[in-house]
Each structure stands twice: as structure tokens, then as C-alpha cells.
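Structures are listed in the sections that come next.
Below, chain A partners chain B and then partners chain C, in two separate complexes.
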Partner chain A sequence: MVKKRKNLVWSIAFILPALSLLFVFLLYPVFEAVKLSFYKWTGIASAKPIFIGLENYKAVFQSPNFWLSMRNALFFMIGGFLILMPLAFLLAKIITSSIRGVKFFKVSYYLPVMLPVTAVGLIWVYMLQPDWGLVNSLLEKVGLSEWAMNWLGTPTLNVVSVVLVNEWIFAGFNMLIFAAGLVSIPQDVYESAKIDGASKFKTLIYITLPLMKESFKVFSVLCICGCLKTFDLMFAMTGGGPNHTSEVPATLLYTEAFSSKNFGRGNAIGVVILVLGMVLSIGLNKAMKSED
Partner chain B sequence: MKKLKISDVIFRIFAWFWAIVTLYPLLVTVLCSFKDNNGIYGNMFAFPEKWEFANYKDALLSANMLRAIGNSLLLAISTTLLVVIVGMLASYIFARMKYKFLTPCFMLFMLGVMIPIHTTVIPISRIAANLGGYDKYWMLVLVYTTFQLPQAIFLMTGYIRGISRELDEAAVIDGCSMTQILFKIILPISKPIIATVSIISFVYAYSELIFSVILLSTPDKYPVSRSLMYFKGDFSVRMGPIFASIVLAVLPLTIIYLMFHEKVQAGMLSGSVKG
Partner chain C sequence: MKKALKKGIACTLGAAMIFSLTACGGSSGNGSEKGDGSKGENIEIRLTSRWGGEETLSKYFNQKIEEFNELDNGITIVADNVTDEQQYFDKLSSQFGAGTQPNVFINYGGTSIKDYIDGGVLLDLEPYFEEDPEWRDSFLPLFDNWQDGEATYGVPVMLYQILLYYNTDILSANGIEEPKTIEELEAACDKLVAAGITPFQLGESSNFRAGHLLNNLCYKAYGGDIADKLASREINYDSEEMLEMYAKIQEWNEKGYFGSNPLSVDNNGEKAAFLSGESAFRYDGAWFVGEITGTEVDGKVDVTAFPYFAEKEEYKACVQGGSGQGFSITDSGDEAVNDAAVEVVKYLTSKDYYAGLEKASNGGIYPVKFESDPETEIDDMTVKIKGIVDEAEEFHGDMQEIDPETHMLNTVRTALQGLFLDGTPESCGEEIVSQEEVK
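Take a look at the complex of A and B:
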């Protein structure tokens, strides 16, 4: 009996640190964010927040910048499925094949994932620099100088550029997700397909892809939920500019709160990100489970 | 000799193409870090005519990168230690004890995995002001730890559940207490998952940006990500030292990666593929 009681005390003592951190720095802030999204608050400690009901949400939903940021987040998602997915799949094929230098390829492709996003963002800001940057210089060298552009200074093009840099970084990461799927396919399935005379293309369509459903699910969940959370790369490369054209929801939250001192409105954006994120991740997980 | 098919050739060419696309910008960055402005503006991808090693001295000392890297390492190490200790204690209980209140607690952590950190940014800046944690490292470490905890607990609990209970039972017969079982049996077996959690936490805390922007105001306390975004005065126009700063900033993680690439890749993958 004494021992049982002792175990209970230890158990509580062991989960208490984790639980208190969770409450103080994660659950309580979420509660605060929801609450303060109904208030007007300039962020000055002495100024009392004023209750204004749904005004913040109204302002957010009526602001063109918010819809622009949602469109830009959508660009990240489209880029993910159109570019990142096939690219990562191809890279996974490469690193699971038996061509020479596989190890070198695997280590190189993944390298950008390891580096701080701000550092990578900064590297690409200089590579895309319009006057002396690498990309425009290369285009001039191969005689395509009319393709040289102000990549990060032109509306819409700047978002596309950052989306491409994002794929450049994370191709190596998603490659691993697909590689895990590829390796898990038993080798004899391929052998019997070969005996049956299936072409390489047919093997890919009818055997490899269906057997990798799980990897594609994981990719989809990460891609869709991840595009709402982009911040570092956009913040480092454009800061949401010029003139808010490359704002994504998280950078808009930052600008509203910490530059415009509109903390209530910032929180309203935060709650929108939260709700969308939760709905998407729960919905996606449900949808993918019911498919099985 | 086996005949090479066209598709195989294209496959190989693409393999090299992407390796070049990945490495070339990084190589150019390294080259530029040894040049002066004329060398960079004139021809970005040429080898430096005159190697400006002084760029690195300027980056380390005048642009304060030495300090920034030290700061980032300090933040990363403290966060990693705290995540492992706090996470391991809780995971052990979640995996081994059967009290009724543990299930809802565990669910709360799993809920935490889904919360986007950006939602919490504004309230946390407020909490920091109220707790006196503004511009303090302990505040950052606690925030980083909290954001890594749900995932760490998910991974560690899953791992400990996979360890045979017979080991525990044998230890109980030998007279081991609950805490002894944790430290003498569970902890040594859990080394691989501790390594995984450490890698994820370390990389995250080393590179973290938004909270260091919001919670720190003294330039001497800036970690690398924030330092890279605010080059001041002379250093905002001299490109050589800026490129040198970038190289220095990515160096610690690159070295760790090249040394343990298998482990790092496997660890970061398991961090993303949650149930």
C-alpha cells in the first residue's frame, strides 16, 4: 500500500514539469489568443484591452492583404503538389536505386534541410539579386538575358520565387518520406512483374504508386498543414514585401501585431491559422483513414 | 557489358543535375565569402582573384558572428537537455503507469502537436512581459522546450511502450524502485530515441527565428538566425563579410550533419511522421 502511494506521488512529480510547460506556454497562450482576438489592444502594458466583439475578425476578413496572404499560402500548397511531390519522388527513386554515387546524392540532396532557413533564405536573396545575382548572371551567360528578372521585387513572381526556394530546401526531406515507402515494397513483387513482361512505366503506375499510398498520404498531410505555417523563409527573403504582396498568414500576423501595433487583429489572424490548421489536420487524417 | 537504356541515362543525368542545383548555390556562397565587393558584383561564380581571408575575421568579430553562434549553441544545448529530461520523465509515466488521469493528459500533449506556434506568438510576448522573461534566455529555452515536448513525448512514449515489461518486472523482484527502473533499465535502452529527440530539438533551437525576434532586444544576445537578418552599418554594404557570416552560421549544423548523416536523416524523418 505504501509503495502504491509512493508510485502515485512519483508519477505526478514526473509528469508535472512537462504538464506545466504545456499549460503555461502552449494551452494558455492559445486561450489568450482566442480571448484577445475579441479585444482591441495596442500592446502597451499600461493600456487596457477594450472588448470590441467580432470587429477584429470583420477587419481581417475585409482586408485585401489577408486574402492575398491566403492566396500566397495556396501557392505554397500548389507548388507542393505540382513540383515538390514529383521532384521528391524522383529523388527517392534515385537514392534507392543502385547507380554509382548513391550515397553522395543522398547526403547532398538532404543538406539544405539541415541549414537554418534564414541562412538559406539569405543565400537565395543574393542568388536572386537582380543586378549581380547568380541566377540573372547565369541567364545572361547562356543568352537568355530577357529572362532575367527582379525575382523578389515583382508582385506574384516574388511569391513564386520563394515557393521554388522552399521546394529547393525541402525536396531532400520529402525524398526520405518517399524513399521509406519505396524500400518497404518487397522486391519479389517487381520480379514477378518482370516475368509477366510489364514495362517499367507500367510497373510504376500499377505497382509502385499504389503500394506507396501511405507515403503520399504523409506527404499530403505535411504539405497542406505546412503551407499555413510558412514564416521563416518568407520573413527572411521578402519580409512580406514589397508593399505586402508576398505576405503569408504568419508574416501578416507579425506585421499587424508588431509593426502596426494591432495586437487584437494579429490574434484574430492567429485564431484563423489555428482553426484552419486544426480542421485541416483532423479532416485530412479522418479522410485518409476512412479510405483504408 | 550491359546496354545502357535512354531512360537510365536521363535518370543519371537528373541525379547529377539535382546534386549541382543543390550544391552550386552553397559553393558560390563559400566562394563569395572570400571576395571583396568588386569580385562579387563582377562575376559571382568566378574563383576569387585575391582571397580575402579578412572577411572571416570581420564576420567573426566585428559582425559578432562568433557571439551569435555561441548564443545559438547555448540555446540549442539547453533546450535539448531540458526536452530530453522533462520529456523522458513524463514519457516513462505515460508508457508504464495505468492511472486514469494519464490518458487525458496524454491527449493534451497530442493536441499540442497540432497547434501552430504562430497562434501563440502574441500571447507569449505578453506572458514574457508579465513574467519578467523579456530579453532573457531562460524564457526562450522554456518556450523552445515546450514546442518540442509534445513531439518528443509522442516519440519517447511510443519507444518505451515497445520495451518489454518483463525487464521491469524482473527489476521489481530484485527490489528496484520506480525511479531506479527508469534510470537503470529504461534510460540505457532508450538511447536511440533520445538521440532522435536530441537531434530534432537541437536543429530547431539552433535555427529558430520568430521568438528570438519577438523576445530579444539586446544585439549581443541574438542567435544566428536573427543576427543574419540585421547586419548593421558597414556590414550591410560589404558583401564579403556577409557571405562569410552565412558560411559560419551554417557550419556547426553542417559538421554535425556530415558526421552523423544517417542518424540525422532517420531522426528528422521520424519526427515528422507522426500517427
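Take a look at the complex of A and C:
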């Protein structure tokens, strides 16, 4: 009994640092954000917040900009599943294969991840500049001048442009998730399939993909959460503009809080992102578990 | 023994993590980190401004800060300059939210500091004026934007007027005279567009550009009262009067006056286009004179007042301008730190400071009365600007500066961007009005 209690004390001592970090840097700010979302506050530390109940949530759900930002976040998710996932999987297949120069491919695919997102965003802003940017200049040089567009100044196209840059940056990171899944599949399974005469396509469909289910699960959760809270790239490339057309929930949060000094409403948007992210992640986990 | 050692190490590491966390929090205040001043230690004054660029004003300002720090008078200025307007104000908001606001900061006064005044974070300068009336009297009477009742929460540091700069080479090559009225400006722009020249390369990616244009058009069309009427909602942003102005901006854009892609060009890009001779016009403050020196268009630029509507000559002298920016001081709660912050502001608004700035800029217009340095060579353009400013009768800032809602400046500017997309004047007005809380 004494030993059991002693073990319990030690266990608590071991998890206390991690719990303290979790509480101070995650739970407490979340609690404060939820609390502030029911108040009107101008964002001045000494100014007293005024309790206004659900008014901030009402304003958020009635705001066309909020729904526009949700639509734009959906674009990120669609891009994530339709472009990023196949691309990252393809890159993972390449770097786990035995082709020559695989080390070079590994480094070059991962390179965009190592660069600061804001810096990459600004580089792309210049490349996509409509009058003298590299993209339009190249299109004009190859005789496709009618394809040259105002990439970041045209509604919807600006979101699609940022989504594509986002896929370019994060393909390398997600490649690692799929590569880890690929290398964990035992070789003898492939050998058995080969003996049974399975084609490469069938091996992919019936062996590789099912055995990589966990990798796809990890990717899906990260993708959904990442898309809901995406901020830095959009902020660096468009700032949510022009005229809110490329707003995503996090840039809208920022605009409400810092530009309009409406911190209560900004926090309400933050809470909506948090709840939505949790619901979608739990739902996805359950859906994938039920299939098991 | 080994097990006990492992446990000991684990506990020590755990304790270190927890203690390091306690070190992260606890201290508050507004950042005068080095000592409290009352013990005779060096006082650090954090000063934020937008003057971090390469133009004369920024260089001079930062050079004077260096000189101040070399005085070794127990006060050190730590300057934090953010040149981009939007980023500057966003950073300031986050600092005030976290309680880490600077001791001294540049602002536009009016609504932009209303929340700070209500929050009780700004220092009333009236007691300091009473102590040193000479300092107060050295300023031109431009305190309105920083006054609230009997209190004064800032001092003006800039006197400005939005003017129209033009490239004389481009205009004379196309047989265009200096435009005095809006109608003449439109005729000039039409001629330039027909000749394949960009009249203005508007940098509307920085959304204040169309905001400033709207201010000027409104003042010239309806006089200075328009700002008060908008603030009281007597005339709202979806009124016929305002729709007419939005339509004018949209019409100019559609006619090509603002270049091919104004939403993809920021204010710096707009400046670069004008200073490299690619565009013919630019409206900007009087300070822009200092940025022309040494560029490709040096000697090829002239300036005039922002044009007026020919049929509204009565509003010709109503301009966007005045005490555009000022220094405010945050109340640190420590008298020694507050006194040090006032010292810094006094230094940066002294007669010597402005005499030196005038010399460095070869002219300029300033909010402080001072005697010019005898060696100052005032350029012709500055002489002309002084004449233009003298002709102005009413100075008004951004129309939203006196609005009861702080967010309106940003709301109006963002909505105006819609005019450069597929928005209509009506949708622009509706967008602004939908975000008003004070009806």
C-alpha cells in the first residue's frame, strides 16, 4: 500500500512539469479566450471588459466576412486533400524508393519547409505580381499572355493562389508522414503479393494504402486543424484583402482584435475555430476508427 | 543507487521547468526595464514611431535619438520603428492589450487614442505645460486632436497638408498645365491615359491611399463639416453624397487613372513609380518633398494644392492636413519614468530639433515655432508649399478621426478596396454602414 502511494507520488512528480506547461500555455489562455468572448473589450490592459453575453457570437455568425473566411478555409481543406495529400504521397514514394539521387530529392522536397513561411510568402508575392512578377512574365514569354492574371488581387483566385503556395511549402513536411508509413510496411508482405502475381497498382491499392491508414489519419487531422487555423501565409501574401476577399478565420480574428480593437469578437472567432477543429478532429477519428 | 540518482535528476529537471515558468510571468508594467528611476539608475524609455525608413525625416529622427543617448543623462531611448502604417497600429494595439505599451508613441490623435484615454493609460501633459509654459507656447495651436476636456494627451509633431505632386517633364511633354481643379485633373489624366502614360500608380494594396483620396474629394465637395456629419450619422456612408464620391473613385479607376493593378501595388510601389518617372501624379503630405531629393525625378517635380471642384470654389481652401501626428506618453505609474518620457518628448519637439530638421530637409513645414539655422537652404518647392499652406483656411484629418467608433477608419478604407474589385458604390456604402454600431 505504501509502495503504491509512493509510486503515485513519483508519477505525479513526473507529469507535473508537463501538466504545468499545458495549463499555463494552453488551458489557461483557452479559458481566458472563452471568457473574453462574452465581453466587449477594447484591448487595453487597464480597460474593464463589459459583459455582453452572446452578442459577440451573434455578430460573428451574422457577419458575411466570417462565412467568407470559412469558405476560404474550406478551399484550404479541399486543396489539402485533393492536391497536398496525393503530392506528398508521391514524394514519399520517390524518397523511399531506390532510385538514384534520392538524398538530393529528400533535401530539395523538404527545403521549402525549412524556410520561414513569411519570407516564402513575400517571395511569392513578388513572383505573382501582375505587372512585373516572374509568373506572368514567364506566361507572356511562352505565348500564354491571356493566362497572365492578377493572382492576388482577384477574388477567389487570390485564395486559390495562396492555397497552391501552401501546398508547395508543406508537401515536404507531409511527405515525411507518408514516408514514415511507407517504411513501416514489412517487405515480406510485398514479396508475398509479388509471388501471388499482384501488379504494382494492385499492391498499392490492396497493400500499401490500407497499411498506411494511420498515416492518412494523422495527415487528415493535421490538415483539418491546420487549415482552420491557417494565418501566417495568408497574412503575409494578402493580409486577408483586398476588401476581405481572402480572409481566413485567423486573419479575421486578427483584424477584429487588432485593427478594429474588438477583442471580444476576435476571441469569439477563436473559440469557434477551436470548437470546430475539435469537433472535426474527433469526428474524423471516430469515422476512421469505426472502419477498423 | 542508480535509480535514486535518476529520480533525483528527474525531480531537479521538473523543478527547473516549473521555476522557469514562474519566471515567465508576474512582472507587469510598460517596459521601463532598467530601474525605476527613483534610485538614480538609468531609465529606459521605449519609443515607437513609423520613422524607420531611409528618407530624410527618418534618418534625422534616428540620428537625434542616437545623439540623445550619447548625452548619458540617465535616460536611454529605445526606438522601435515600424514603417508600415497598418503594421504599426496593429503592433501598438497588441502592446496595449498585453500591457507592454511603449512609454512614448506616435499617433494621429482623435478617435485613434480615444480608447487609450478612456482606459486611463495616457499621461495628461497639462501639469507639465504649467511647469514649462515655454514648451507649450513653442507649438502652433494644434492641440485639438489630443485634448479631452481639460486634459491634453499629446503634442503635435508634424504639420501637413495633402498636396498634388506632378512630374513636370511628363506634363509639359503632353501639353498639360498644372491642374487646379478636379475637372482639369480629369482632363489631364484622360490625355495621359490616351498617350499610354499612367497618371497615378495608386498603391491601394495599402488601403489608406483611397482613404486619403476620399477625404480630399469629400472636403472639396462638401467642406469640412462632412466629417462631423458622418460622425453624427447626419450624413451616413450610404448617403447620396458619399455614393457620389465612391462613384468618382471607381470611375477614375475604370478610366485607368490609377494604373493597371492598384490592388497589387502598395504605397512604396506607388512612390517608386512616381520617383522613377513612371507615373505623372502623386498626392502626399508636405513631407514627401524630402523623399524626392536624389531620385530620378529630382528637379522634375513640382507641387500644387489638391484640386477643387470648379463648381465648389467655396471649399477650395478646405484641405486634408493639420497636425497629422503627435507624441503621446503612456502613464507608467512611476513619476520618474513619466518625467523621463516627457524629457524625451521635449527633446524631440524642441526648437533646435526642428531647426535641424528644416536644415536637413532643405525646408518643410512644422508645428513648432523656431528660428531657422542661417545655413539652411530652403528649396523652391518648400517655399511654394509654404505658400499653399498659407492659403488653406480649414485643416481636417482623416474623416474617421472624429468618428465615435474606433474601427471606422479601417472599416471605411477596407470597404473602399471593393470599388477596385467588382463592388459598386452602393455595396461599398452598405458594407460600411453594416459595421456601424452607433446608428
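We take it that the second predicted complex is superposed on the first by the 251 of 292 C-alpha atoms of A that agree within 3 Å, B and C clash if a C-alpha of one lies under 4 Å from a C-alpha of the other, contacts with A are read in each partner's own complex, and residues count from 1 in each chain.
Here is the rule we go by: a contact is a pair of C-beta atoms (placed from the backbone, for glycine too) under 8 Å apart; a residue touches a chain by one contact, two chains touch by 3 or more.
In this text, all values refer to a predicted model and were calculated from it rather than measured experimentally.
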item	value
Touching partner for A:112 - first (chain B), second (chain C), both, neither	first
Which of chain B and chain C A:168 touches, first, second, both or neither	first
Chain B versus chain C as contact partner of A:10, first or second or both or neither	both
First (chain B), second (chain C), both or neither touched by A:130	second
Which superposed partner A:150 touches (first chain B, second chain C, both, neither)	second
When both partners are placed on the shared chain, which of chain B and chain C touches more of chain A	B
Which of chain B and chain C A:258 touches, first, second, both or neither	both
First (chain B), second (chain C), both or neither touched by A:55	neither
First (chain B), second (chain C), both or neither touched by A:222	first
On chain A, positions contacted by chain B and by chain C	10, 14, 17, 21, 24, 45, 131, 254, 257-258, 263
Touching residues on chain B, where the partner in the complex is chain A	7, 11-12, 14-15, 18-19, 21-23, 25-26, 28-29, 32, 40-45, 86-87, 89-90, 92-94, 97, 99, 102, 105, 108-109, 112, 114-124, 126-127, 129, 142-143, 145-147, 149-150, 153, 177-179, 203, 206-207, 209-210, 214, 224-226, 228-229, 239, 242-243, 246, 249-250, 253-254, 256-258, 261, 264-265, 268-269, 272-273
Chain A residues touching chain B - in the complex, by the definition given at the top	6-8, 10-11, 14-15, 17-19, 21-22, 24-30, 32-33, 36, 45, 87, 90-91, 93-94, 97, 99, 101, 104-119, 122-124, 126-127, 131-134, 137-138, 168, 171-173, 176-177, 180, 200, 218, 222, 228-229, 231-232, 235-236, 249-250, 253-254, 257-258, 263, 266-267, 270-271, 273-274, 277-278, 281-282
Chain C partner contacts - residues on chain A that touch it in the complex	10, 13-14, 16-17, 20-21, 24, 42-47, 129-131, 150, 152-155, 239, 241-245, 254-255, 257-263
Complex contacts: residues of chain C adjacent to chain A	7, 10-11, 13-14, 17-18, 21, 24-25, 28, 86, 89-90, 93-94, 96-99, 101, 115-116, 118-121, 204-205, 207, 260-261, 263-265, 406-407, 410-411, 414-415, 417-418, 420-423
